[in-house]
Structures are given as structure tokens and as C-alpha cells.
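Each of the next two complexes has chain A plus one more chain, namely chain B in the first and chain C in the second.
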Partner chain A sequence: MRREPPRTIADYTPLAFPAIMLIIFFVVPFSTMIAVSFFRRQQGGFYTPDFVIDNYGRFLSAFFGGVLGFSLMLAIMVAVICVAIAFPFTYLLTKTSRRVQIVWLVCLLSVLSLSEVIIGFAWSTLFSRTAGITNLLVAAGLMSEPQALLPGFGAVLTGMVYQALPYTILVLYPALVRLDPTLLEAARTLGASPLRGFINIIVPALRNTIVATLIMVFVFALGSYLLPQILGRPQHWTLSVLITDQAIYQSNMPFAAAMAVFLVLISLALVGLTLLVGGRREATA
Partner chain B sequence: MSGLHLKDLSKRFGNFTAVDDVDLTVPHGTFVCMLGPSGCGKTTLLRMIAGLEEPLAGAILLDDEDMTPVPTHKRNLGMVFQSLALFPHLTVGENIAYPLRIRGVDKNGQRKRVEELLALVHLPGYAARPVSKLSGGQRQRVAIARALALSPRLFLLDEPLSALDAKLREAMQVELRQLQQKLGITTIVVTHDQREAMTMADLVVVMGEGRIRQAASPIEIYRKPADAFVADFIGSTNLLEVKADRAGRAITLGQPIAGLSLPEGMARGLVSIRPEDVHLAGSANGAFRGKVTFVRDLGGTIETFVEVGGTTIVAVTTPRERGDIEAGTEVGVTLPAESCVVLKQ
Partner chain C sequence: MKELHKTSVSRRKILTVGVAGVGMLAMPSILRAQDRSLKVGVYGGYFKDSFDENIFPEFTKATGIAVESVAEPTGEAWLVQLEQAARAGQAPADLSMMSQTSTLKGQETELWTPLDPARIGNYDDLLEPFVAKYPDGRVAGIGAVAWYITLVTNTDVYPEAPDSWAALWDPANEDKLGLLALVSNSFLLEVTAKTFMGGTDALDTEEGQIEAFEKLAEVKPNVRLWYRDEAQFEQALKSGEIPMGQYYHDVTGLAAADGFPVRSTFPKEGGIQDSGNWVLSRASDKVEEAHIFIDYMSRPEIQSLMSRKVGTAPTLKRDKLDLTDEEFAAVSSEIDPIIPRYDLYTSKSDWLNQKWTEMIVG
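And now, the complex of A and B:
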């Protein structure tokens, strides 16, 4: 099929609808938020148009720096753990029969239908002392008495990995299903054990897919707001929790907006950095 | 005995028998072509030799050593896949060096061997190129070089040339054969292209429905096919039904073939005669009389389709040895007895 570059305005009309949607639902609200982040807060709840950078200045404090650092660290950990679990899992899944694959994918999709609230409370029950999984360990004789596994960092991490894992698998699945199965076979005939072939052929051959998936899960986890509150202590709260707190409970819209903008900028910078490093390696390879 | 010995190999996928009790001996240094229509089990057989499929029964012996329980990566063989399976994230040199890297060959040794192999496949100086920038024929050569990097005991190729255009394919066939003779390595190629098999092989193994139908030299397969399946699959042939009369003479199309009799005890059978062995006489004085229905003049050769008693017989001649025969003319058709092969029905 021959593709010619669009020439007249009429050639661009198919783009009109998505463009309008993007403007109404993304560009306008986000611009508003950027504008609000520079407004002056009024004691009592509202804000007046102005241009002050105090809102940004405020989170140069150690407290906000700490929360930001924790949020980024948590999101990165979730992304890495999810991909580390999902990649081998999805690879093995693509080797099974069509019927087994469908059953697994349907189960994963059904996990996606659970809301964050249900996932949070389900895990808080599972991690509780009275009805949690430690009771099973006690029954099995592996533990002397049941323990509460929450609130804590492990509980937050587990809940978020659980929530993000189905997304990770569904994003990896198409790329892994399309992967030429003879790549691993070729590695085996050349003297690599199956595990070795997987590590130094399959993984690098799909490096771009893996990087894209890491970024997706990272962004997904960065917005998490409910699970850290249900499963964690206040020190495990993410920046999203603080933004909500400022916007709704402290009625400080400009500061909340400034934090949101800052979070977007930081994550964009991280994503850009990842792509840059990936691109450079591509160029030298 | 040195060489490869397949002992009563079988393989089933569900209810489908892919390979059925195959027994084959390949002397060391032989070039073998496994030939057959798709689904005949030739690729499965190759994959079992490589260890990529587990046989249901039987054994694979290489120089009297039982390879059946040895995992693929310890068999020391080189294999070229139909998809070539070049590693997309590595350069030409890194692809070829991969097996060396796994064996712990040092960087210098790797580089030397890669240069040696690239020279062998006529791609000197290509080591630093990314695989994605190569043409089909060049990828082919890289895949061959990579498979040969460890000087394997067996060289296996699964439809290696099927992705190339006709001209390049013919050139690669010759090259592959010369390469194999230079290295003296036992080589097994799976193909469905009989020209390819005739060009390269010492031993052609014709397979059909999971069984070996005939294993012999190319010219023997062509001249003395074991059954109608082989005769029909290798080249083109005229297959005529024959029956014996009381004197044992071969009768086809209501007339005896001069000088040909069926073996004792065979009442009916098939006669295979190659189109180039069929003689046409312009004046209708041959043994069989027929009418020309179609002439395909390919320049170098001419195919003439003659209808004799409701059956079409094809004759191939060169322009020089043939007078003007056009569609619609009556001709005489002679089937020389010495060129006829009698087959069981």
C-alpha cells in the first residue's frame, strides 16, 4: 500500500476527533493544574490567580523529598518485581496449549476487574493475625503462633505487585507470543542449556519490550494511592496520598497541583532517561 | 561403525504418527537429503536427531554412541533453521561467536574463528554488521557459519534455502555442496525441492507418511524408483496401468509395450516412464497412436502432451531432435522397454 503525506486540511480530518478528545480531557485539565500550581492560596480554602513559586519551594523540604523518594523507590521496586515475575511466567505460558493459555488469560483479566479497594481489604485480611495466612503456617507447624503481617512495607509491596501483575502479563503476552520459538532452539543446538539460552538470547532479544513494560508498570504504580493507606503505615504513604490530603483535607489546591506537576515531571524525566540509556545501547550494539 | 545410525525411530503427536519406525544408516561424511511432501515427517526426524523432539521409540547412534538421552546442547551439532533464527540483538560476528562464548573461548580466539568462518562463507569483513542489515542470502551464510563454528559432528539444515529466490537458491545449493565436501562433515538437509536433493545429495531419502519409501543415490532414485510414490515425487513421470497377458507381456492402453514383460506372478501393476524417454514419431508409425493436445515450448525443452486412449502421456524433447509437431496432429508414441520401470500398484 502506498502512503502519501497528507496535503490538504481535509486529509487531517481523521485526526480531528482524537485531537479534540485529547485537548478537552487532557490538555485543558492539565494546563489548568499547571496554572493553579502557581496561584496563591487563600486562608480558608480558595485560591486567587497569581504567580508565586512558593508552592514548589515548599517541597524542597526533607519531608517532601523523603516522600517523593519513597514513592519513586516503591514504584521502581513494583515495576522490577512485576517484570521479573511476569516475564518468565508469560514465556512459559506461551509454550502451553492454546486452551491452557485462554484459561490463564481469563483468570488474569478477572483479577483486573477487582477494584483497588477490594484488593486492599482482601490482602489486609490475608495478612491479619486473626484470619491471615500465618494461621495456615501455624497449622502446618512452621510457626509457633499467628502474626500480623501488616501494616508494613512488605504488605504494601505485595498488594501493589498483585495489582500490577496482570497488567504486566497482558502487556508482555503479545510480544512473547510472536517471538520466534526457534531462537531458543538455535541457542540450544549451539551449546546453551535452556536456562542459559533464555537469559542471554530471549531476554536481550526482547529488551525493548521489557523496558516499555517496566515504564508502564512504573507509571501505574506511581499513581497508587489506596493500597499504601490500607496496608502501610504513614511512612509508607506515597506522594499521591499527600496530594489527596492537601487537595481534599487541607484544601490547599495550589500546593497539591504543584506536587502533581512535579511528580509528572519527575516521572517523565525518569522515563526519558530510561529511553535514552536504552537508545544509546541500541546504537552501540 | 562410524556415522549416524537411526534405529527404529518413531514419533507420534496425539493420534498422528509423524515418524513411523524409521531405520537408516548414514556413513560418515555423507550428504543426505530428506525429501518428501509437507507432513511426511522429515522435519520431525531431523528435530529428533537434533534432540529437539523426543522419540517415542528407537535410538539415535552417532559413531556407535547412543545420543538418544543426550540433551541438545551437549550433542555438539550445528543446525540451520528454516527461519534461520539469527539472534536479532547481536551483530554478525556476535552471532557466530555465540557458541564459542558459551564454550569459554577467549576474545582473541573468538575473533580469529569468526574471521575464518566468514571467509569460508564468502562474507569477509561483515563481523560488525547488525543482522537486520543483511540480505536473505547473506543471512543464510551467517546462519551456516554460526552452525559450523564449533566444527560439529553433524550438520543439520531444515529447509535452509526455501526463503531465497530461485536463482540464488541454485547458487547456494552448489555452494553448500562444495562447503560440505571441503569440510567432510556428515550433513542432513530436509527439503521438499527435488532439484535441491539431486544437486547436493550423496544419499536421497524419500519419505512419505512417516516412512522411508526409498533411500538411495539420486540417480538410482530417479532411474529406479522403488514405488509409484517415489516415481511421482521425484521429477515428473508417466504412470501407466499395466496388466500381464497370458504370455506375461505388459499390456497398457490395449496394446503390448514391445519387449517388456511383467515379473512372474504379477498380474497387474504400474509402468513409470520419464517424459524424456518417450519417443514421438511425426508420422504415426509408432506402437501407440495418439493425438497431441498441448505443446509447451520452454525454449530449451519442449513438453508435448499426447492423448492415447483417454490417457495423457507427456514427452520431453529438445528442439533439435524433434520435428514440427503441433497441437491436433496425430503422432506415434514409442515407449522403449529399457526405460520402463515396472512398479507394484
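And now, the complex of A and C:
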């Protein structure tokens, strides 16, 4: 079968369904949010349609700048750690038998069925002083008395990496499975060690996949708002937590919308920058 | 021109058919209104379960009005949902139990249908804080139940009960407290003012509020958890993971009765008294049923029943009730309570919220 470029309008009809879905479920809600972000807040009440920029003005302060910076830093760290763990893991996974692969993938998919709430509460129990993992260490004689490992930055990071890792592996898996094994064989016959072959051949060959995965995990982690609340102290609350506070508890929709729009713009800019830098390097290489 | 005229006629025909169609579709709901019902929103979880089990069946038996209870999240979140729905002409619940702050916020947008005091038998016996009024005197909400937020401790970790809110500031309690995470539901500014500044009147001015914030900031090193979700703290309190904090008097009492090592103490400065009102969404057309419901819920015997079965404090005057001293002490206290400054959470809500967030996050 030969693939032909679409000529008539009818050839484009298969696109209509996804386009309509995108409009209904993305373009319309997002436009509503942008519109609301310019509405006037009625203190103690709700909002009236208007065009004011106060909501953005309130956001531009050192306080919210700090929270935004922390949120971005946290999301970047989660992305980097996830890919650093998931990439070698997925590579080794593709080298195992079909049966082992299926078992692993089913287990990973089952982790995805857990909600953020369950993950958060499970980790808060695991990290607690009264029932947590340090009790095992005490029983093994490695620690003198049980300790609470939360709330803290380490706990937040662990919870978020745990949540994002299955996605990371599932995104990397197809690309690694399709990787031509002769590439590494050639490197090995030329005398490279397996580790060297992995770092010098496999990683560069899949650079685009890695960048795409980093971006996906970054965006995914940026939206997390429950885990920082359950596992962290207030200074570990992300911008998403404060957006929830404004929208749900303060009924300040315009300000919440303005913060959300700002967060989307900043993350789009970061993603764009990453792609730009990646593309330029490709051109010079 | 002729053709245009023709289309307009046929368009009218379509309209007529359409109206008839809508009318027919609406019929079942008219029919259903005959066996009367009321959708009532109450806080989900323990509250809703107790009401479903002990209170609503009695009401249906007495009046023939079926109650469909709706689980509502915390007041503020439910308020947003009710308001959005009312704008679309929908009422997810006719009557809702609504916190004082949320009742005031709803008043700003005229969300609540004014209630008629003449149709509520015990209106004159309601305690004064339990009638919410619009500025022009119309009644926006009637007290449903009251409850206390008190100082709670784990009895294994604290064999002696603390007797003052000042225990929250005690350096010995470093990293041991669980406190509510929002300025408008923790009422810690009021606690600070009553404990250290001579009363909640100290919060009248902005200087007073800033002073309270500064004093409250000293508590931060002691706080392990600022919770939004009650389950998060309750679990930690029971296990002793977080052995002290502020929590609901009724729920703590129930947990203690179930054998958990927890206790609730009314500090000498008083417990924080919060309450919920019955409010009627303006999108609801069940005005008649709503009044019958509120009248029933404000009867002394029902208020006593709720105190015994649900553990809430009554909204009627003490002498109208048949509660024994012991029963009364289980749900309330003679110590003068700390009454939250609800007015501040509408007039200065954004400023207070910003200051609060900066205080606990910074």
C-alpha cells in the first residue's frame, strides 16, 4: 500500500474526531481558564467578568517566585532521577526473556493503578516512627531507635519518584526494545566493555527518546499536589498546592487561574528551550 | 420575502413542539414532587453516617418527607460547587450544613434563600450566635449543630493533660504538633489573641493581627504537620506519631471511647467553638420542605438526640434541653469558648490568607 498525501477535504475527515475532542476537552477549558484569570475577584465571594491584571500582579512577588522555583527544581530532580534509574533498568529488562518482561510490565502497570492518595499514605506509614521501615533496621541491630523519616524533602522526592517511575519505564520500553542489537555487538567486537558500550553507544543512540522522557516526567511531576502535602513540610509545598488552596479553599478562582496559566507558560518555555538546545546540538553534530 | 415569512412560521412551529417536549420531559419531576423529598448536604464520613443512621429516618417517620443525604466536602469546597451549580440553575443539595465563614461568603452573592423565622417553632430559643443574618436582617441560615476544636493529646506520650493553649508554644513540644493548615479553619489567630493578647478583640486592627501572626510564628518549630485532611492527623494522633495538636472534640471523644490512647481537653482559655448552619440554595424550589426540616431539627428533643448520638453541641439554650450535666459535658463545656472572628474571613480574607501562607511556608 502506498501512502498518498491527502488531496481533498474528505481525506482529512479521520482527523475530525481527535480535533473535536481536543477542542472540547483542551482548548475550551484552557481558554476558560485564561479568561477567568483576568476576571475581577470579589473578596469573600466569587468573581465578576472583567479585564484586570491584578491576579498576575499579585503573583509577581519574591514569595511566589520562590515557590515557583522550588516546584520547577523538584520536578526537574524527579525527572532526572527517574530517567537515571529507569533507563538502565529498562535496558536490562529488554535483555531478559519474554516471560520475565511480561511479569515486570504487569507489576509496573499495577503500580499505575494506585492513586496519588494511596501512594502518599502508604509512604507516610513506611516513613513513620511508630510503624515505619526504621523499625526493621532497629530489629536488625543497625539503628538504636526508630526514627521518623518524614516530613521532609527526601520523603517528598521518594514518593514522587515512586509515582513517576512506572510511566518513565513504559515510555522508554518501546524505544529500547526496538533498538538494533547489532550496534552493541559491533562495539563489543571492536573491544568496548559492556558498560562502555552502554554509555557510548546506547545512550547517544537514544538521546531524543531520553530528552522526550525527561520532558514527560517533568510535566507529570509539576502537577503533583498531594504528595508534597502528605510527605513534606510547608516549605516543600509546590505551586500546585497553593493553586489548590486558592481554588478550593479560598474560592479565589481568578488568582488560581492566573497561577495555573503562569505555571503552564513557564513549563512550556522550559520544554521549548530544551528542544531548542537539543535541536541545535543535532544540527552541529 | 415570502419565503422568509414561511421559514419564520415553521420555526415557530418547531418552538411550540420543543416547548411541549420540554414540558413532557419535566412531567415526571412534577409527579415525583408529590411524594415529597429533600436533598440535604452534610459533611461526608462520620457526620453523614450518624445522621443517616439516627436522625434522618426519624424525620421521615415524623413528616413523610424522604431525605436524600449528600456527602459534602469541607465547607469552602462545597460552597464553590454550590455557587457554580446555582449559576447554572442546579442545586446539588437543597439544604446544606455550611460553616459560618462559608455562610457569610455565600451571603455576598445572595446564594441562600432567606428563611422565614415565623415558620420555625423554636426560633426564639436559638442561641444568638446560631442565627446567620443578611446585613438587612433577613435570615440566611439557622444553626444546625455546633462543635468544638480543642487541644488533643496522646495519653501514652502525655500522661498529664495540658491545661492551656500555651502548651503549643512550649519548646519542650518541638516537632510534636499537628495543626490545621488554613487560617480560616484553624482559628489559631483567635487562639493566640485569647491566650496572649487578652481576647479576640485584639484582632480588630491590622497591628493586632500582625502581632498575632508574629506570636503565632513562634509555634512553627513545634509543628510537625499542617493538615488539610483530618484523617491524616487523626491516624498520627492515635499512633502517637504526632502526639499533640488541635482537633475536633466530638471525634476525639469517640476515638477515646473506642479505646485509642487519645484525649480532648478544654484549655482554660476555652475551646474553639465552630458551628454549621442549615442554608437553602437559591436554586432549590423545596422552600416548604426546607422549613419543615429546619423546624424539626431545631426542636429541643432532636437537639438532645443529636448531642447523644452524633456528639455535637446544641444550638438551643441549655435550659430548654433535657440533657444531663454529664451528657452536656461530653459535648460542650461551661468554659467561655473562643468564638472565631468570622467577619475577618470575609472582609480581609485575601490579606489574611496571604500573610498566613507566607508565615507557614516561609
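The working rule: the second predicted complex is superposed on the first by the 279 of 285 C-alpha atoms of A that agree within 3 Å, B and C clash if a C-alpha of one lies under 4 Å from a C-alpha of the other, contacts with A are read in each partner's own complex, and residues count from 1 in each chain.
One rule holds in what follows: a residue touches a chain if its C-beta (ideal position, glycine included) is under 8 Å from a C-beta of that chain, and two chains touch if they have at least 3 such contacts.
Note that this is a predicted model, so its numbers are computed, not measured.
Aligning the two structures on chain A places chain B and chain C side by side, free of any clash.
Once the two complexes are laid over each other on the shared chain, residue contacts for A:Arg196 go to chain B alone; chain C is not touched.
In the superposition on chain A, A:Ala139 contacts neither chain B nor chain C. The superposed model places chain B and chain C at 150 degrees from each other around the C-alpha centre of chain A, with the value given to the nearest 10. When the two complexes are overlaid on their common chain A, residue A:Ile53 makes contact with neither chain B nor chain C.
Legend: residue contacts after superposition of the two complexes on their common chain; A:Trp237 is shown touching chain C, with no touch to chain B. In the superposed model, more residues of chain A are touched by C than by the other of chain B and chain C. Look at A:Glu185: by the touch rule set out above, it reaches chain B but stays clear of chain C. Touch criterion met: A:Arg207 reaches chain B, while chain C stays clear of it.
Contact with neither chain B nor chain C is seen for A:Val103 once the two complexes are overlaid on the shared chain.
Note on the superposed arrangement: chain B and chain C approach each other to a least C-alpha distance of 46 Å.
In the superposition on chain A, no chain A position is in contact with chain B in one complex as well as with chain C in the other.
Interface residues of chain A facing chain B in the complex, by the touch rule stated above, are 180, 182-183, 185-194, 196-197, 201, 204-205, 207, 285.
Listed in rising order, the residues of chain A touching chain C in the complex are 41-46, 58, 63, 67, 121, 124, 128-131, 148, 151, 229-230, 234-235, 237, 242, 245, 247-253. Across the complex, chain A is touched by residues 50-52, 71-79, 81-83, 85, 87-91, 98-99, 102-103, 130, 146-147, 149-150, 156 of chain B. Residues 74, 76-77, 79-80, 83, 104-105, 108-109, 181-182, 184-185, 224-226, 228, 232, 236, 239-241, 345-350, 353-354, 357-358, 360-362 of chain C are the ones touching chain A in the complex.
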